[in-house]
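Every chain is named by a letter (A, B, C, D, E and F) in the order it is written, and numbering of its residues begins at 1.
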Amino acid sequence: MKLGLLTAAFPELSLEEVAAWAAGAGYEALEIACWPAGEGSERRYAGVSHVDVERLDEEGGRRIVDMLASHGLEISALAYYPNNLDPDDGQRGQANEHLRRVIEAAPKLGVDVVGTFVGRDQKRNVPDNLALFERVWPPLVEHAERHGVKIAIENCPMIFSYDEWPGGKNLAYSPALWRELFSRVPSASLGLNLDPSHLVWQFIDYERAVYDFGDRIFHVHAKDMEVNRDGLYEHGVLSSGMGWQVPRLPGLGDVRWDRFCAALYAVGYDHVISVEHEDRRFEGTEELVKRGFEIAYRALRPYVA
Amino acid sequence: MKLGLLTAAFPELSLEEVAAWAAGAGYEALEIACWPAGEGSERRYAGVSHVDVERLDEEGGRRIVDMLASHGLEISALAYYPNNLDPDDGQRGQANEHLRRVIEAAPKLGVDVVGTFVGRDQKRNVPDNLALFERVWPPLVEHAERHGVKIAIENCPMIFSYDEWPGGKNLAYSPALWRELFSRVPSASLGLNLDPSHLVWQFIDYERAVYDFGDRIFHVHAKDMEVNRDGLYEHGVLSSGMGWQVPRLPGLGDVRWDRFCAALYAVGYDHVISVEHEDRRFEGTEELVKRGFEIAYRALRPYVA
Amino acid sequence: MKLGLLTAAFPELSLEEVAAWAAGAGYEALEIACWPAGEGSERRYAGVSHVDVERLDEEGGRRIVDMLASHGLEISALAYYPNNLDPDDGQRGQANEHLRRVIEAAPKLGVDVVGTFVGRDQKRNVPDNLALFERVWPPLVEHAERHGVKIAIENCPMIFSYDEWPGGKNLAYSPALWRELFSRVPSASLGLNLDPSHLVWQFIDYERAVYDFGDRIFHVHAKDMEVNRDGLYEHGVLSSGMGWQVPRLPGLGDVRWDRFCAALYAVGYDHVISVEHEDRRFEGTEELVKRGFEIAYRALRPYVA
Amino acid sequence: MKLGLLTAAFPELSLEEVAAWAAGAGYEALEIACWPAGEGSERRYAGVSHVDVERLDEEGGRRIVDMLASHGLEISALAYYPNNLDPDDGQRGQANEHLRRVIEAAPKLGVDVVGTFVGRDQKRNVPDNLALFERVWPPLVEHAERHGVKIAIENCPMIFSYDEWPGGKNLAYSPALWRELFSRVPSASLGLNLDPSHLVWQFIDYERAVYDFGDRIFHVHAKDMEVNRDGLYEHGVLSSGMGWQVPRLPGLGDVRWDRFCAALYAVGYDHVISVEHEDRRFEGTEELVKRGFEIAYRALRPYVA
Amino acid sequence: MKLGLLTAAFPELSLEEVAAWAAGAGYEALEIACWPAGEGSERRYAGVSHVDVERLDEEGGRRIVDMLASHGLEISALAYYPNNLDPDDGQRGQANEHLRRVIEAAPKLGVDVVGTFVGRDQKRNVPDNLALFERVWPPLVEHAERHGVKIAIENCPMIFSYDEWPGGKNLAYSPALWRELFSRVPSASLGLNLDPSHLVWQFIDYERAVYDFGDRIFHVHAKDMEVNRDGLYEHGVLSSGMGWQVPRLPGLGDVRWDRFCAALYAVGYDHVISVEHEDRRFEGTEELVKRGFEIAYRALRPYVA
Amino acid sequence: MKLGLLTAAFPELSLEEVAAWAAGAGYEALEIACWPAGEGSERRYAGVSHVDVERLDEEGGRRIVDMLASHGLEISALAYYPNNLDPDDGQRGQANEHLRRVIEAAPKLGVDVVGTFVGRDQKRNVPDNLALFERVWPPLVEHAERHGVKIAIENCPMIFSYDEWPGGKNLAYSPALWRELFSRVPSASLGLNLDPSHLVWQFIDYERAVYDFGDRIFHVHAKDMEVNRDGLYEHGVLSSGMGWQVPRLPGLGDVRWDRFCAALYAVGYDHVISVEHEDRRFEGTEELVKRGFEIAYRALRPYVA
């Protein structure tokens, strides 16, 4: 396996600047943020565009690949995480369309993984959303198949406050739902961008998930999670994590990375573990963000080779 | 403390029949189901009417008390658990009105505790419901105060399926919410009918809850809960317990009754522990229900004196 | 469920004497030892004959059933635990033959469960024994089917010393082997007499075993097991339990009877839990044996109704 | 084993009144408080005199034994717990003298166990107290030997507040110290009145202690202990338990009575488990004390036969 | 955060020699031992003087700072740990006086933290010592305030043998006592030099302590602690750690440094974690001490950035 | 301590090639595979010959030592692991003879440790094998003594499939057996090459083993072990690990290397921890094997200095 990072944490840096720093810090791969260029970010960690996929041509792709290779880096995946099941037709249409652009860009960059969200109509329940998924997603998956791209769905529930209540903005958060999604759209090009942190606070055994879904793991996010015990006592699990789920850098939370990586090796995963940086204690300045990635690097390095 | 049971599990028996059997089985108190007489039950364990509070007069109350005393039984509380914050004005009005009747009946039966739900508009979020609570509940609590009655809110979230989704039919399910409710309607007559089973699957420490809310515990329900590990793995906590919370008889679940009772003694609780029977494995025939209560009795008896 | 005991612990008492004492102590059922009459016991707890099945006729059966009924007792199973795969043809033949007699006796006593061992050629490995099983057992199971009897195999490995080394005298000790046996002789009349104590020291999760084999559990033994930590450290699991597995009375060992019984209820088991007494600290005198059964009774009673 | 109680919890009742109630509640033995008659109690649970040993003659002893036998009770031990190493010569002399009287009374009552404390000069360190012990105790032990009496030292550190600081009033609180005491006064008549509750808050494994000191256990006290987690956090172990050790009734604390009794059986202990009632929540009225003993009885009964 | 070390472990080396080695080993800061120059050490790890504060002038301070900067090092704190509440007036006076000198030296070295002990009259109890503290410490704290220095009290109980019995030589060992001290001398310049190892063997939750006292943590010591289980069994907590508390290098003991550092980040601590080397297995030669610091460095580095 | 590796994982490389790579990867010592030259390997990880001991002379030894020193490497031990108690006289004779050659080679290479197996007649039980050991091993140990060599027996049971059933090919697998072996051949030259991984799946406490056998630990193997929970459930411990013991690289299994190394330091072990690579996920190509050793290095480095 190799150790990489998601570039979205560096909205102010150019891709080359990110590459230079990441390589210097020991990282071996980048997961490149591909939100639509020119858009501001509507939420933290989103909206970053390190490659403008709309305008990317073969030549441009080669240049990027070469530039990264000169730093000893490869691309692990392209990243674009919108609500692909947005109840607003316009919003959903835009999200789906841009996702197609990202898919088309991937081969130009020599990548075969695109990370995204299934999305969700947060006001509707799970069965209704499964029906919606079955309507919206088949053409997207076919588009990916046609371009030789695997779609890696991150398993984040996307619920952080009453703004997302009651249902969060991404349906693909539990093993039961993954089974359901894979059964309704049975394509080998649909899989997971597995992030163990979201399983920690859902009290789902991430080690077992690796064994159960080994052949569907197309990409891995390294983010950690601390369950605040006092907050859990006060609010309980019905608060959907509000008040007690605390994203931390890898090594500072409840994920046992030795066990997680051991499971990944056991199922034959041999791609990239990509650090996704969402620890509030290491944000606000570029220097803090970098310190965060350094801690992540040191915590994960022993297990990644 | 004394050991009692909630009569709702015996919809086919008269109060006297329940009393005779319960006393013979060693129970010392009854929590009497007081749903409106003549109504069928709209959900399991509801709708049972062992005292018709609408028609109860002083004389009738005395007769019931005497009958129970002849079996060595006392009444621990009157029980009526509707959705007191039903979004439908008519439904809510009926629930509130009948709750007033139950409150009025209590003194006639020599009881000072009435158990009920706060209720919830399940389609609206927590802050909206707190506002609704603040509007609906003050007159109900005043009514209770006037009749010398304490209202004991059971801490059941009342969410079992997508019918209740997204929010369940009772807001009072966590310590943070209890604090909020008690702060918004600051009456010493508003408290808890504490049931540890609902805390188990919310991953809330029930022992700590006893210490934190000792003076608000007006009544205690003994029901047990098993967290099905496979179901939790499949669905995670975002499913609101669906697929993995399994109500069990006291002694057959995850509640440590020794620790729970020890905490109750420590905070000075000296009223009744009332068995609420909702174990599907012991339902369907009167004989099975009775076997269930026997197991509950044996599991709790060592700690209740 | 009902609480019973295996009569083999009282070799000096008549069946009626056992019945009288057991009923007085609260027990509700007997599992009757049916070794060949007149034989001495070749090992502890074996060789006891409380019913002489060779000579039993319909009338004799009725008399026994009536006698037990007069004490409020029923028969949970007939018990005969020889090595049914003894490598010595004569020994194996005798064991098989007497097992047929016990099977024939069952209907005369109104019982439909006979408990026994699969047996094992201890000098041969598992695959060899499975082949042997496939040869010896089909006619025995057919015999049981013909008489409307279910054969309940106890899951004891029957290895206690170098006399049984290397393989023990009963093959049916693990879930993987149960699956294998049930697959090779696929009769609904072949199942388990599940004893959790043997799973404890094999580090097999007995609660999960109940869920996985619910419909194969024809009878249940209540015996407890303590894993001596110092002995385990000294010898490790390769000693096959020698030096650290300590049979104890129910309640004095590592089995959590609340969880075990909860699982039994969950899978719908509703027959007898039969105490098998093999605790060395409560042997030697009839009085000690009885004290042992009293402790077992008190430990199990809370969960059995 | 049998289940008994220490009579000191009933200072207002006569021995016969205690006996009548205890027998009715199921108890089978009494450990009789034998402080000097006519003294008030200087500390809680001390100073009670249910037999006036100074005046007891053979005839008086027989009458007491007969009275207790008429209730089905036996005497498990005589109890007198002063500071036998009091630094004040007069105090120590009186304590030692009265202890001799209790020893002399034992044979008259048919008892061979007297429970007491080693005592301690609380201002002096352990080595100094061991020297003191070596000087004071040999004649006391010889006196016991001469009368055929075994002295059972309770393992309570006797430190509850700054009044006892820095060292408590009883030296015999840990396995290392027991070894030291038994080595310095090597008499088979000196042993333990083992109370697991004092080991709980010292973080000493009581189960291992039973195995290590099996032949020195002359008597057993059943008292429970809860370690208050918040108090432990605030004060830590250097506070000598102050602020976090909470005596509870058996069944309401951290002692696992099943494991403790299992260990006692394993080492061959077959005398009495005597409930010592020091739970503040069940004091103040005779009725509360009795409720406490009822809980203790129910918690222990399953394991004592 | 940065990683540093306390120079006291190198009594034979000059400050520059320590600096050169520490920087080469990756350390980023030094906590400089400032005992009175010329004194021998009265106990292990004490008495070392790497800066002679009595004679330090502005110029000398600058030279030291520059020398360290040339190695890429900063000073995290000055260290002087005497018994500031010594019952002997002369001893206490000398300790207090030298502490004033260290405080005065700090600004000359560009440091604003001085680490020391509150001290204790070991023969007197906690309340008496609190009174003594209230008398002795206000002028010391005022002195620190005047010089812009924060006093960081290490939380070591300073009890290792009967020489310190009964009370140890430093009162500030538990959260309850910290609260008391901070309340009696309510200066923002009085805080903690938090060393989790001393909390481990007191059974105090060091993670919670970080959250509770976040704004009082002026400095952090990294030392580890192993609780020897056999020793704890033999002696119990009343031995004040004697016989079972074993100081170890960070990474070789019971402290979970990932959790501890995660808590430090969470409360906003962003100063130095300073390794205090007291592992007996890595003492005796300079080479062993250095190997010890190398292990500490590797154990902590992943979490410190 | 130093970190080394066993060269047997590189059968295709010359000793110098192994040395160059190992030194570059940070390793400090080699444990050299010394199977008879020219033999193919009969089992995985065996049969490798990096030094042809038959032909080694003083000069050749020096050349090897010098070559390794030029890479900064030392030799930790010579490795030859045959069945020294093979029931076949010829096989056993050959094994014993070659072991003598390895012993003789050690001084020529400046090494004083030779690692091997005691061996076992797998068809015979433990007592029989102990007798065999007592006959075969004294001359081997004397040979070692004469050459100033310590024999380090690895504690692997050598049972992986029914081919080794029933007993495995190495008797020295548990503390009880080590005691027995050391007592029957009481030479200070006979000790252990302690590998904690084999203790993990035997449920033997490896930390305690270090403390109990500290002075017999001549060499240490670093291999890790994962107990597959599902496999253990299916097969239980009577399967001798088959179906559930999974060798892993250090850091990817259940061994806590921090505790293990802390124990080694505590007993004064100061030789080499030698990585033995048997993780199937990192085999098949030289590149994979090297990646495996890199992970092992990173997992162990923090604790080895």
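Basically, contacts are C-beta pairs under 8 Å (C-beta built on N, C-alpha and C of every residue); 3 or more make two chains touch, one makes a residue touch a chain.
Since this is a predicted model, take the numbers as computed values, not measurements.
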Could you name all chains that are in contact with chain E and with chain F at the same time? A
Shared chain contacts [chain B and chain F, defined touch]: A, C
The larger set of C-beta contacts, choosing between A-B and C-D, lies at A-B
Looking only at residue numbers at the chain A/chain E interface, is the share used by both copies over half or under half? Answer same or different. different
Taking each chain's centre as the mean of its CA atoms, which one is most distant from chain B? F
Please work out the Cα centroid separation of chain B and chain C, and write it as a whole number of Å. 43
Measure off the straight-line distance from the CA centroid of chain A to the CA centroid of chain C, and report it in whole Å. 55
Determine the centre-to-centre distance between chain A and chain D, using the mean Cα coordinates as centres, and give it in whole Å. 64
Which parts of chain A, given as residue numbers and ranges, touch two or more other chains? none
For this entry, which pairs of chains touch? A-B, A-E, A-F, B-C, B-D, C-D, C-F, D-E, E-F
Which residues of chain E touch chain F once you look at their complex with the stated criterion? 226, 246, 248, 251-253, 281-282, 291-292, 294-295, 298-299
For the complex, give me every residue of chain A touching chain F. 258, 261-262, 265-266, 268, 301-303, 305
Residue numbers on chain C that touch chain F, as the complex places them: 125-127, 157, 159, 162, 165-168, 173-176, 199, 201-205, 208-209, 232-240, 243
